[in-house]
Amino acid sequence: MDIQKLENLLKEVKAGKTSIEKALAQLKSLPFEDLGFTRIDHHRSLRKGFPEVIWGEGKSSGQILSIVRQLKKKGQNVLITRLEKRKAIDIQKVFPKSRYYPRSNVLTYLTQPVKPTGKGTILVVTAGTTDIPVAEEAVVTAQVMGNRVETLYDVGVAGIHRLLAEREKLETARVLIVVAGMEGALPSVVGGLVDRPVVAVPTSIGYGTSFGGVTALLAMLNSCASGVAVVNIDNGFGAGYIASLMNKM
Amino acid sequence: MDIQKLENLLKEVKAGKTSIEKALAQLKSLPFEDLGFTRIDHHRSLRKGFPEVIWGEGKSSGQILSIVRQLKKKGQNVLITRLEKRKAIDIQKVFPKSRYYPRSNVLTYLTQPVKPTGKGTILVVTAGTTDIPVAEEAVVTAQVMGNRVETLYDVGVAGIHRLLAEREKLETARVLIVVAGMEGALPSVVGGLVDRPVVAVPTSIGYGTSFGGVTALLAMLNSCASGVAVVNIDNGFGAGYIASLMNKM
Amino acid sequence: MDIQKLENLLKEVKAGKTSIEKALAQLKSLPFEDLGFTRIDHHRSLRKGFPEVIWGEGKSSGQILSIVRQLKKKGQNVLITRLEKRKAIDIQKVFPKSRYYPRSNVLTYLTQPVKPTGKGTILVVTAGTTDIPVAEEAVVTAQVMGNRVETLYDVGVAGIHRLLAEREKLETARVLIVVAGMEGALPSVVGGLVDRPVVAVPTSIGYGTSFGGVTALLAMLNSCASGVAVVNIDNGFGAGYIASLMNKM
Amino acid sequence: MDIQKLENLLKEVKAGKTSIEKALAQLKSLPFEDLGFTRIDHHRSLRKGFPEVIWGEGKSSGQILSIVRQLKKKGQNVLITRLEKRKAIDIQKVFPKSRYYPRSNVLTYLTQPVKPTGKGTILVVTAGTTDIPVAEEAVVTAQVMGNRVETLYDVGVAGIHRLLAEREKLETARVLIVVAGMEGALPSVVGGLVDRPVVAVPTSIGYGTSFGGVTALLAMLNSCASGVAVVNIDNGFGAGYIASLMNKM
Amino acid sequence: MDIQKLENLLKEVKAGKTSIEKALAQLKSLPFEDLGFTRIDHHRSLRKGFPEVIWGEGKSSGQILSIVRQLKKKGQNVLITRLEKRKAIDIQKVFPKSRYYPRSNVLTYLTQPVKPTGKGTILVVTAGTTDIPVAEEAVVTAQVMGNRVETLYDVGVAGIHRLLAEREKLETARVLIVVAGMEGALPSVVGGLVDRPVVAVPTSIGYGTSFGGVTALLAMLNSCASGVAVVNIDNGFGAGYIASLMNKM
Amino acid sequence: MDIQKLENLLKEVKAGKTSIEKALAQLKSLPFEDLGFTRIDHHRSLRKGFPEVIWGEGKSSGQILSIVRQLKKKGQNVLITRLEKRKAIDIQKVFPKSRYYPRSNVLTYLTQPVKPTGKGTILVVTAGTTDIPVAEEAVVTAQVMGNRVETLYDVGVAGIHRLLAEREKLETARVLIVVAGMEGALPSVVGGLVDRPVVAVPTSIGYGTSFGGVTALLAMLNSCASGVAVVNIDNGFGAGYIASLMNKM
Amino acid sequence: MDIQKLENLLKEVKAGKTSIEKALAQLKSLPFEDLGFTRIDHHRSLRKGFPEVIWGEGKSSGQILSIVRQLKKKGQNVLITRLEKRKAIDIQKVFPKSRYYPRSNVLTYLTQPVKPTGKGTILVVTAGTTDIPVAEEAVVTAQVMGNRVETLYDVGVAGIHRLLAEREKLETARVLIVVAGMEGALPSVVGGLVDRPVVAVPTSIGYGTSFGGVTALLAMLNSCASGVAVVNIDNGFGAGYIASLMNKM
Amino acid sequence: MDIQKLENLLKEVKAGKTSIEKALAQLKSLPFEDLGFTRIDHHRSLRKGFPEVIWGEGKSSGQILSIVRQLKKKGQNVLITRLEKRKAIDIQKVFPKSRYYPRSNVLTYLTQPVKPTGKGTILVVTAGTTDIPVAEEAVVTAQVMGNRVETLYDVGVAGIHRLLAEREKLETARVLIVVAGMEGALPSVVGGLVDRPVVAVPTSIGYGTSFGGVTALLAMLNSCASGVAVVNIDNGFGAGYIASLMNKM
């Protein structure tokens, strides 16, 4: 039953053609989704100011282009993650204003200026330089969602003074994203230095028993510092997203 | 918004006090669950003839008794799984007609006769005698749900002739539940002998690398026989339940 | 001992050349398989109307062609799974009427029309679009086995309204196959909405701790919904096969 | 070198007894912690209004009492987690105003009223009733840290209408903690319904392949919903703590 | 169809009451097991001189006693493994001539003298003294099956000279069983010293990353020495059994 | 100290130049290996009639050729495993009489006829056709070591009649090697049918939860049939080797 | 062949009764161990000044007492690890001068003063207070082996200033043992601060995904700091032992 | 605050422009890192005589060249690990005096002679020839750090006499690095033969259940020999580094 039908039902009630009892019965059995339920979803999109993220993996350039065209029509900004360079080139041919980040395989296409809706700064910290691609995915995600983002790279725990030298940066951030592979110890140390939520992102950096990031993940889940929560391995996007939700609170 | 409010809204439409446009808007934003959605759930219960299973673990005797009393009022039959003997005694004091199966820690309490709604026979097969407690959970579940159940115990693959000697039983069953621990090979062999769906139940029987049933589970998931699907380790209830759904088709 | 020998033995008994005792002894030691045992297998094939599935992986185009030729002679329909495109081209050159599904790497070759022996509809549901290749393997398998199949794609739990909007489709299916990667939650939700058996298929879609489908598999095995059984990761064929067995009950 | 020594050094500089060069050299080699570094830590405590959580496991009643006495002197509120009932009784004998939560093994001792510093409501949701002990640890933690907490228990995904019936509660919360064992699917569904950060807590509820909460954990890490971050299995405290940090932003 | 029926069928053929065609058809559809198939199993028992092993775990004293009584009637020797002391006492009350080995939880009851059918010596070697219970299970099994068994205990690889000092013993054995926990290295060293098959038995001795014997098992499976095959963790019985099969070749 | 020195020492003793005490002292401190210890190794080689197996992986064609040349000089037969086709071609150019088995990546080079020293037949059984490469490695190994080998391929447990039809072959073998991937159930069934040692070889055949052969391995280790021992995944060589040791007993 | 036989052989050579050739042949085939090989082992003991450690687990009080008595006769100091309190009481009754450490289940019995042979200080560091039992095992082991040991407890990375406040202690140690459970991050931080070898000891402290110390172990193996090596979970003894070897270099 | 500011502060104190109280307050709040903290790091570098190791993986030739140029300016020696041949060629074009080790993917560039600061010999032992690349990484690392290194390759435990024949070499080394894949047993045997610390390095050599080195790692962690500590799989660099630290003690 679509809106038209619902309108007709109300008209019939008004006109006395359908009794209230019958109308009630029909309404109760209405598939709820016909009652504009999807509009709620629409509202969510508007409220968030960030309607759609495209997961690039497993989609052809053609499929992606088709989605981007639809989003452009609606005047929405676009974020594509896990996009191979080859496909990015295809998309940039059609949308030359889009921007591709080759380290993190992210593409953004801004059809309208990003509104700065985040209240403070999100600080993205990495243990090593090889963690930067994952960090960048978080950075771009948070920026496109309207946040001011700063970075602090290559401050792993084996040279703790490099981290401590940046205490001010750590303490002034409103939300922190900490990205680390190998033993994944950095979020524990950072979590002990700040009073803000820390989103920990394990990366698949390492070899042998790093098990593609599992060791870093486990370490982060077992952090002896309070105030740390964890996302999936290499999930820079997820970290940027939830950090943005926090920064808008 | 409850039914009363909905009725009032319709009355206002009928009386012309609320325009159709406004009514439409209000209806669209109605929490759908107020439209009798939960009634659907009620219907499901009636349709299944088996409204509620109680998971006994982690509930006190008092809590369980309270639930059973409510179900009794509604005239529903009761199945309690994972019920320690100690609690079963408490329940049988209050409901002496209930029946407890100590091997499988299952208790049934029939407030009305079970209707035989299953169309054929469900055959429950085990590899060893130590698998019987899990099998019994499946048997009782299927029986309480209205199925005729037969059993074929201790026909593991190391003595394949014991199984083959019962080919007729295997071939006349409408649904088969095959319960095995250790190497979990029996569902593959049974699956190769019959044309009916086989529900495989790994058990935690074994030692060393049986890993509490994981080995049997993995073997069953990798069955080279078609027509086999698997439930969780020691999940006799789940096997009995889905087998019953099939047998009523 | 083949049939000829058995016949001769009986003739000798009849003619009094062999005593009943000796005949008994000989019969007891007969390799049972010579007694037409394989015929039973043959019967199974006929009964199922679906004699042979070819696992394409690890077989050369030549080997596959040779098997297909034999099956064609017997007038049997053919289903080949896990068939690389390269080999599919080889086969389609020889059997141009065969049909290849490149997404799911399945090839069908119908030497006779498929008989519609399934009693109801099998509904194949996926959480995301990347799960479709596995779903398609299930769809084609079920169709070739004589079932009416419908699909409901991209209704994952993160946008639960998309699923709920299709409740009618869910409720009218006779058997449901639910295909999901990542957290594998969809079968639990679907299993809670329907009264029919749900065959859950984990897919290897995901990254990091999705562990190639293991996370989805574990989630499905631990479904809090009753009525769910699970097949191996990416095993669309197995799901289609057992769903077909159910739909013919 | 303590403050006294530092003061003396400055006096010597002032008095010309120590050259500026020598003073600089001495200052450079000062153990930084002597320069009031620990005071920073002290500041953190004051700022948070929540200085010390005691991990009860592995500590004797005597050890715990001694710590509580020290904290009481400083006028600080106390939260003790993982405290066996036996030890709780010992502590309540000495501090009868302390409050023990036997389900979650948490004890609180408020030496001063909790200041309501959280800005909105933290909603704690559970999939089943057996998840409540972990949820309660989160509830008490968040309350003692100055947050208004609401709960929504037993709304697991197998009966999705129970969850959907409470959409208003979900949508008005500022932070959500979602607690689930077994297949751990609830955070994905909740995460798809709200625009707020979701802290997912896997519990060790389940059997067989639930692997003491690992399955739920993996499912949560692989959530297809954005805006979900995860803490360790059964870590209600950690969830309450980080949710509180968010709610004070 | 039992033997009687088969005899009747042949009589009818002889008497001309049943045509050969009909007899053939009936014979073909005979359940093969009725043709004395189980007799083969009987023959196996006789041939092995070792008909039945009872797995004591999960069986009550009463159940075990009942099985032992049946075996005694047939004049068969009995081996019970994984038998708790408590049950052993029950059995020894009834069968005082039975012998219980408390270290390995094995009970033997010889109703007839063991025939020495093994051709050479089976040598059972352990790495440490804590591995002896598992070794003893192998020793008793092999002895009861008619083998001469020698032992060489506590010759682990960290003191390699202890092992090398016994080279003669190693070289004169016909089959070797090597039992080790922890790093499980002993079978590799032994396998490099002898030309005989080595049956490796991992034990659950160890702590931390010994993972209940998994580490020893994995080491044994990866032995760089040829001529080593492995049984399940703590499976002394299995090792004794297969070593006995070899020693009778 | 080499033999020359030892001889000199004895001469000095004989000549009275060195006292017996001093000679004893010198002998005690002799590095044992100088006493011809490596000769023992030499003896082992001669005794086995099979001195050297070359593991081809990680060695260049040049390195392998150099080893083969040395072995040829000594008149020894050569077996090379895990040899890529590319290297095999290099070797066959130099040693055209060598024979390469491309399915199993094995190369043999017989510099002298193989002596038939095995006492009976080794039967190599596979569950599927994709297991044949691993089986072939076992076959060639056993043949080159002087054994008569028979094969029985594609008799997996899902079509149990195919296996049972070959009972005679199974029962007349002296040693059995059973090769299976997927659920690895075949060794259990075979082990229940024969009285001979069964060497089980898991293969990495399968997908999803077959985990590269781990599932098959675990199933084999947990075999409910006695008389089964296991080698590493895909270790056809190891199986052929130990089976040969047994067949020479 | 024992020394007596060797002496006789030499006498025969001297007397001309045995030719040098024959003597050579006999000597070559001597079991090397008879040549005083075990004496080397004896030498090792003397050299180390620490002959025997008793692993208390799985040994009865009687067995342990018997070993201690033997060691006492030889004037050797004794270290018993993993000794339950109950057994310790038995031993202290007989040897009242022995000392038991109940936290770490270690008992020492000094029959002679410990010689201070370590060259510098071994520093034992822990992350938390619950790690102290494992640390104490290391402390006692190192002390009994003749080392000066200092400790630094409860300086985990979540409060990094506590660790940094003790930099002098860290920098003056000659060898460091770092003990940590949960996320196991401490060795990385310590390793980055010092130029000395760090022996990392994971402990089984934690819950949920700490997996009994596996997470800490993995983190330590993946340390981004150079100069860290790892021992088994909870292996305080092993850490103390190898640290002692280093400190004596 | 940098040194200049600190100097100014002291000058002001001296000049009486700033009170001691104010100066104290300012000093207490100084970011410690400004007090020359990083100089400590500098000192560490000088002290070690080995300032910087470059992890080649994930860095471009350009990035590496830029780092090498900086290090060259400071007159520091360079060690690059995990460097692909392709990049090594790029670097050798610019720095022709650098030396590349293709087996181990290590490049060294000595801008000054290596000072022999190690006190004894480091012995690097391997089980097989395929372990040599990892061993070589350890060898080069230790050499560049100023140690005398000897090697003992291919002395795995399956031919124990090869190892024992080199006892002298083993016993004269000051530190031992033992490299092994497959079952990883060699460190246990070596650890039992020497009184020196053994650094065990598992390698990813093997197949099937070697699990990329995990089996070897687990075996080494569970070594029954005391005096063994372990580094990550294939971490030859880490082993060489910590062995060098020991050898300089």
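Labels for the chains are A, B, C, D, E, F, G and H, by order of writing; each one numbers its residues from 1.
Note that in this section a residue touches a chain if its C-beta (ideal position, glycine included) is under 8 Å from a C-beta of that chain, and two chains touch if they have at least 3 such contacts.
Only a predicted model underlies this, so the values are computations on that prediction, with no experimental measurement involved.
In terms of the stated touch criterion, the partners common to chain B and chain G are A, D, E, F, listed by label. Both chain F and chain H derive from one sequence, and where they touch, under half of the residue numbers involved are common to the two copies. With every chain reduced to the mean of its CA atoms, the largest distance from chain E is reached by A.
Taking the mean of C-alpha positions as each chain's centre, the chain lying farthest from the centre of chain D is F.
Distance between chain centres (mean CA atoms), chain C to chain H: 55 Å.
The mean-CA centres of chain E and chain H are about 51 angstrom from one another, to the nearest whole unit.
Centroids of chain C and chain E (each the mean of its C-alpha atoms) stand 39 Å apart.
Chain C and chain G have Cα centroids lying 59 Å from one another. Counting only residues that touch two or more partner chains, chain F has 32-33, 37, 159, 164, 208-210, 214, 217, 221-222, 226, 232-233. Each chain pair that touches appears in this list: A-B, A-C, A-D, A-G, A-H, B-C, B-D, B-E, B-F, C-D, C-E, C-F, D-G, D-H, E-F, E-G, E-H, F-G, F-H, G-H.
Residues 44, 47-48, 53, 119, 174-175, 195-199, 217, 221-222, 226-233, 237-239, 241-242, 245-247, 249 of chain C are the ones touching chain B in the complex.
Residues 127-128, 156-160, 164, 182-185, 188-189, 191-193, 206, 208-211, 214-216, 218-226 of chain B are the ones that touch chain F when the two sit in their complex. Contact residues of chain E toward chain B in the complex are 31-34, 37-38, 40-41, 55, 57-59, 202, 204, 212-214, 217, 232-235. Across the complex, chain D meets chain H through its residues 3, 6-7, 10-11, 13-14, 16, 20, 23-24, 27-30, 32-33, 35-37, 39. By the touch criterion given at the top, residues 129-130, 159, 161, 164-165, 167-168, 205, 207-210 of chain H touch chain F in their complex.
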